[in-house]
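All remarks here apply to the structure that follows.
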Amino acid sequence: MTAHLPVLQVVIPLMAAAVCAALRPARVAWAFAVLVSWTVFVIAVLLLREVLAGGTISYEIGGWAAPWGIEYRIDVVNAFVLLIVSTVGAVVLPYAGDSVEREIRRDQIPLFYTAFLLCLTGLLGITITGDVFNVFVFLEISSLSTYTLVAMGRERGALTAAFRYLVMGSVGATFIVIGIGLLYSVTGTLNMVDLGLRLSELTATRTVPVAFAFLTVGISLKLALFPLHLWLPNAYAYAPSAATAFIAATATKVAVYMLLRFFFTVFGATFSFDTMQLGFVLLPLALVAIFSMSLVAIFQVNVKRMLAYSSLAQIGYITLGISIGTVTGLTAGILHLFNHAMMKAALFMALGCVIYRVGSIRIEAFHGLGKRMPLTMAAFVVAGLSLVGVPLTVGFISKWYLILAVLEQGWWPVAALVLFTSLMALVYIWRVVEAAYFHPSPTDEVAAAVREAPLSLLIPTWILVVVNVYFGVDATLTVEVAGRAAEALLGVPR
Amino acid sequence: MEFLVGHYNYWVVVFLMMLGFYVVISRTHMVKVLVGLSVFQTSVFIFYISLGKIRGGTAPILIDGPAVYSNPLTSVLILTAIVVSIATTALGLALVVRINEAYGTVDEEEIDAIERADEAAVLEAR
Amino acid sequence: MTYNIILRIATKVLCPFILIFALYVQFHGDYGPGGGFQAGVILAAAFVLYALVYGLENCRRVLPPQVVYACMALGVLIYAGTGVVSVLLGADFLDYNVLAHGDPIHGQHRGIFWVELGVITTVFGTMVSIFYAIAGRKGLN
Amino acid sequence: MSPVTAVVLAIVVPLVGAVAIGLMGEERANLRETATLVSAAIVFGLVLTLTPQIAGGARPELVLGEPLPGLPIAFEVEPLGLIFSLVASSLWIVTSIYSIGYMRGHHEENQTRFYIFFAIAISAVMGVAFAGNLFTLFVFYEVLTLSTFPLVTHHGTEAAKRGGRVYLGLLLATSIFLFLPAVIWTWYVAGTLDFVPGGILDGVLSPAAATILLGLFVFGIGKAAVMPVHRWLPAAMVAPTPVSALLHAVAVVKAGVFAILKISVYIFGTTFLQDVGASQIFAYVAGATILLASLVAFTKDNLKARLAYSTIGQLSYIVLGAMLANSYGIVGGAMHIVMHAFGKITLFFGAGAILVAAHRTQVSQLDGIGRMMPVTMAAFLIGALSITGLPPTGGTWSKWYLALGTLEAGEPILLAVLMLSSLLNIGYLLVIPARAFFAPADPELLAHPVREAPMPILIAMVITASVSIGLFFFPDPLFDLVRMVVES
């Protein structure tokens, strides 16, 4: 059975999503979804182990050989992303059980899990497949289910947020299809590796740069790279907590993975960075994103939206690493992929705990929570410090490599900006901390009834917090994998 | 002239694409935005299908003797893309219906105005 | 439209043919143009037409929403299940060759049959459920 | 016990103590205080067992884990770190005793939280002291910042919040914005961050680059409070007095100057610093800080604020010693860590005692109070003498060596600065006990006579004051240890 792990990784959540729609009551659907997410997680771990030990895995769907049939191709890069996605899924789903019951209409809950599992399927599918059109199909599976998840939020703003996300997302996806079509028109193949080989022989054609441009813009939309980010803050802010935690930690990460795949495997680093001068496009955008989004985050009153803006800044860090285009830069980017997924999921889950008990996530709602919900707020503080990049947390590891990569290029001002924005992160995290620990609780009855969140929410949150600290204290594994992934993408022999 | 006529399929595609895209970004009525989105996506379908079409080629069905086939793959791909597009449009329309129920309007500017009023009311209440 | 006798009779006559045509498109898909997507939409069209003329309530009585939702899920399960069966028989996912013992061509036929069956079920279910969801809302009738 | 075990335990025991304190809670206050004292005593004992071995030339090493490939969390005990850990652990005992009296006498809230974070801070200090490489030092330095934040904002009032914001903001900002890049730069050019006698940067940095890097360190280590990054120190004065004692005499500020000493000796290497002349400019910056801080201290009527500015000045003595980069300077700087620790903690204990017993915070309210609180004010006098550098207190020796250092470096201006500053010290510090004993008493004080502070407070003060005097008569063990740093 281990030979079929690549396809099972996608098929299991897909079939489970279908089954989930029929399950009643909601608790059964939840238990089933949790079981599935854990299975998926185990498969991802096994795949990563196999890839680290034995190199790239190739799986041919339907027995059709690689350039013609659809191939699932797993190397260190996507095995790592698979692990990120499935880890977050496996932690968020157990958490969803209680959180969702508070935030979503009862009869819609099985649908929520269906959409959740479909989203998981789509994200895993994008990551695992070696066929560019297949990427589009899975992209749409994940996007459509994400729109649904966002629309399930409690407030009516969720609907408009979902609608805008849908329009922007569809435009982005269509751009990606155009790019893929152009590539197909010049090469006649859809297999990534095959495309990479053939494109390296094609030089003087106008189609390839156009395809490159369409793909870059399309993926950047999905990635919410500044200035194509406008859909993200509201989508994150209005989605149900569990959905936000999952989407924030995975969706943009998978988009980054797509970017890496297309830039390095399909187009090749030489074309992307030397011919198209990608670094000079991405770098300023990343820097502007890091700075402006951190600044905007400081002035938000809705904490969820604040974290959404912070996500945009963090995406800037990741693209900054990629735009450098060296092994260290890519290592930093890929490392931050994992690290940011862990810290943001933990933060959004802590917010979910607050919503569960307090019902609001405006900054005033946090007054006095340090006393009333000590464990939740402690989780928020630790994950927040990780976001700032304090030593012994994963955030520090990311910053370290990012700055190292920037210094290798001798870009002092960029390093200064990265450090300065860490301080801005400190400012917006600290606003919440001050509200929680230094403002007295409101004295009305509602506030007096606020207690610590139930264990079913706290345990998954704290698991992620512990992950944040563990991989901050011993980052050997993540650094090793990210380093190997970067080398694989750049084709550096090891 | 050869350039203009020889690539007429591209001109059609580009015209539809720009038309659809313009509607998407310029309209505030949500249904119109969806219409624009559909046109935008359709232009891509035409693009793909025209890529695979060979003048005088037949459908790729096994017949005796040599024959010129059109490339079936592009059509197959676009079949998938059409399904996706339908799903997107359907979901979009479903959202529009619910937005109409929630706000009483489907105009984005009016909705923004309502949201701003809500926010102002919250600030007022404090 | 309750009293429009011509439409009512025409619908009554047309519906069976639409259904048959859908099945034709479905099962001829192995040999000629056709297949589950088209068939599913045609199948759904029959019910949409019925609902338009005879009213949504009657259509719902013929085809309860629960059945429609079940169809959506069932089709996916049939499709993916075919792939899983081929995995269980020792080949790659969706490798139809092994579905009929020792006869790859026959196996391909079987595989395509089941996969297309999955497709028609899901497409039909989805189309009708979209129609139900949007047509069935209060205030729109 | 093997020295390695002792090192690990010295870091772990305070954490265990913190857990124990947390378990006892507010209800079992006596047990909780016992836990504090027991863990403090154990840590001090552990460090003491290390002392003869280190003095005998042993350098126990230990690697705890590798957060980043090639960058382990590693510990290595050497004389400088041992001195720092001795000071910190011994003063933890004394401060704990004092805290019990102060916190109870002052009816503070959240005492459990206070003791927990106090213990965590000590653990971080031990980590800083025993750090085997710059990375480990940086990590524990940050932990120290974060763990002391709840102590600074202990009262939770608006003023405490403001002070805490400045404290955390400035310390984190400098450490992230300057210290961290300096660490990464060092790693980038030297390929290692290990503390090696003689330094690791010789030959890999140009003089200009070395100056910039040293600047990043000097200002990045905000805890050393070199102007203009000193603002956090007065801001942190909102904390309860034992915290001020811990922050300004032992843990935080000393961690800062200790880091600077360590970097100049083991990262740059004194020879390298002298050769390229990178440190001269910062010696002048430190000199300027000494003078300015003393002048500002004059203007402060609030006792704790005056002590805070005095601390800023005294810290720069140590930075100056490090920047002189010759053996006298290093010896003087290292000794001043100890001398200033005991002197300043006595002064803060005194300030706290006056607050608890007489509810007074301003210098101008203290006329004649020495006759009602003789023990307190006597201890205060000894502390002030030590800070000023007058016999019969330990401060004499460290100032002596620092002065020799300036002469050896050929910096008569800096020598003048030292002398002038000592005069200023007399003016703003010694004047306090003088007026307390001899000035006519405040009429209000006569109307409401005050009594001596609670017994634990007095005990603590007497201990630290006597150590200050003891160090004058028996400086040899300390001197021998410090000499090992220079000779290595």
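Letters A, B, C and D mark the chains as written, and numbering starts fresh at 1 in each.
Keep in mind that, in the parts below, a residue touches a chain if its C-beta (ideal position, glycine included) is under 8 Å from a C-beta of that chain, and two chains touch if they have at least 3 such contacts.
Predicted model, so just to flag it, every value in this text is computed and none were measured.
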| item | value |
| --- | --- |
| Most distant chain from chain B, judged by the mean position of its C-alpha atoms | D |
| Pair joined by more contacting C-beta pairs (A-C or A-B) | A-B |
| Computed distance of Cα centres, chain C from chain A, in Å | 36 |
| Inter-centroid spacing, chain D versus chain C (mean Cα positions, whole Å) | 79 |
| Where chain A and chain B are represented by their mean Cα positions, the distance between them in whole Å | 26 |
| For chain B paired with chain C, centre-to-centre distance based on mean C-alpha positions, whole Å | 25 |
| Contacts with two or more other chains, residues of chain B listed in rising order | 87 |
| Overlap residues in chain A, where contacts from two or more other chains coincide | none |
| Graph class of chain-chain contacts, one of line, ring, star, complete, other | other |
| Chains grouped in pairs wherever the two touch, ordered by label | A-B, A-C, A-D, B-C |
| Chain C - residues contacting chain B, complex | 32-33, 37, 123, 126, 130, 133-134, 137, 139-140 |
| Footprint of chain B on chain A - complex, ascending | 133, 136-137, 140, 144, 147-148, 151, 156-157, 159-160, 162-163, 166-167, 170-171, 173-174, 177-178, 181, 184-185, 364 |
| Chain D contact footprint on chain A (complex, rising order) | 385, 388-392, 397, 399-400, 403-404, 407-408, 415-416, 419-420, 422-423, 426, 430, 434, 437-438, 472-476, 479-480 |
| List of chain B residues in touch with chain C within their complex | 59, 61, 79, 83, 87, 90, 93-94, 97, 101 |
| Of chain A, residues touching chain C in the complex | 4, 7-8, 11, 14-15, 17-19, 21-22, 59-63 |
